[in-house]
Amino acid sequence: MPFVNIRITNEGATTEQKQRLIKGVTDLLADVLGKNPKTTFVIIDEVDTDNWGIGGESVTEIRKK
Amino acid sequence: MPFVNIRITNEGATTEQKQRLIKGVTDLLADVLGKNPKTTFVIIDEVDTDNWGIGGESVTEIRKK
Amino acid sequence: MPFVNIRITNEGATTEQKQRLIKGVTDLLADVLGKNPKTTFVIIDEVDTDNWGIGGESVTEIRKK
Amino acid sequence: MPFVNIRITNEGATTEQKQRLIKGVTDLLADVLGKNPKTTFVIIDEVDTDNWGIGGESVTEIRKK
Amino acid sequence: MPFVNIRITNEGATTEQKQRLIKGVTDLLADVLGKNPKTTFVIIDEVDTDNWGIGGESVTEIRKK
Amino acid sequence: MPFVNIRITNEGATTEQKQRLIKGVTDLLADVLGKNPKTTFVIIDEVDTDNWGIGGESVTEIRKK
């Protein structure tokens, strides 16, 4: 019964890409640890680039460079 | 001083329902563990059905079936 | 398919109390939002009092007063 | 490589204020623990006041008083 | 710069299995979204079975059946 | 009423260093956003280096190089 939270910046991931992430992570947990896909949860959070910082700067600032 | 994070799909929970969740969880922690409601935090995250997966599929796909 | 994360300080919650928290939160989500208990996850994190701060102080410091 | 998640109510934090939070937390981790800013992540979540509870009430309700 | 948090019960995942999870998730994000592995973080939390509930019961209780 | 979660590897942060993190983050939120320290929560999670990955490798592996 794993729970996976994937956080990415909201820069246009498509519905199809998100489905691939959900499927891929669920399969990985089944392959590596034998976890049952039926009770594997995946939540994707898409975060505004103003709200994500790395190296002391927001991703919005980094993208401008 | 508990902190509770409730994550649900964004499928129309009303303001009144959210208030009941907040009140209910806060009361539960006071009843079971004697935690002070004044310093009990509850955060509800409503997640898009495209961004929540179970069984390797998004909830959007599951709802179509 | 809700996911609930309860964070408390590690100050001796018993197995029985944790079961009551799990049961209570699961019932609450069924009562208020009609969520299926079978796909309701609850995770309890017990945090060392050195690692929890409120008002700018650790709970360890607060407990000494 | 620290990861910091700051959760605040969505009550008008400006882009400039968020940049100060990102910079401030990153500097703090470098100062106190010698952590490399380049691999310090900060994510700010802005939560609707209906979805944040304290003392058994939503912040929306508290703000009305 | 994705951040992934994988939560599993602490039932004996080996160091090698955890490495495969880290590698697998990082590769998945590179494949699906073109994310740079160098700034992909993965954190695995191993949760005591007393502290994880599903269906209103702790995993400890479920395992006994 | 901010909530801050700081995640670092468990590589020997002292009690005093954790207190400085708690104090520093709480002050930052008061300075930048005028948040009340009394209802500012900070939780520090110390994560095993086997359980933290970056660049597709665990920190344990990276530290060996």
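Things worth noting here:
First chain written, first letter: the chains are A, B, C, D, E and F, and each begins at residue 1.
By our rule, contacts are C-beta pairs under 8 Å (C-beta built on N, C-alpha and C of every residue); 3 or more make two chains touch, one makes a residue touch a chain.
It should be emphasised that the depicted structure is a prediction, and the values quoted were computed from it without experimental measurement.
In terms of C-beta pairs in contact, D-F outnumbers the other of A-C and D-F.
The centroid of the Cα atoms in subunit B and the matching centroid in subunit F are 25 Å apart. For the pair subunit C and subunit F, the distance between C-alpha centroids works out to 20 Å. Residue positions of subunit B touching 2 or more other chains, listed in rising order: 1, 3, 7, 21, 25, 39, 41, 43, 52, 54.
Contact between chains, as defined at the top, is found for A-B, A-C, A-D, A-E, B-C, B-D, B-F, C-E, C-F, D-E, D-F, E-F.
Residue ranges of subunit B in contact with subunit D, taken from their complex: 15, 18-19, 21-23, 25-27, 37-46. Within the complex, the subunit A residues that touch subunit C are 1, 3, 39, 41, 43. Within the complex, the subunit A residues that touch subunit E are 1-9, 13, 17, 20-21, 24-25, 28-29, 31-33, 35, 39, 52, 54, 59. Subunit D makes touch with subunit B in their complex at residues 7, 47, 50-58, 60-61.
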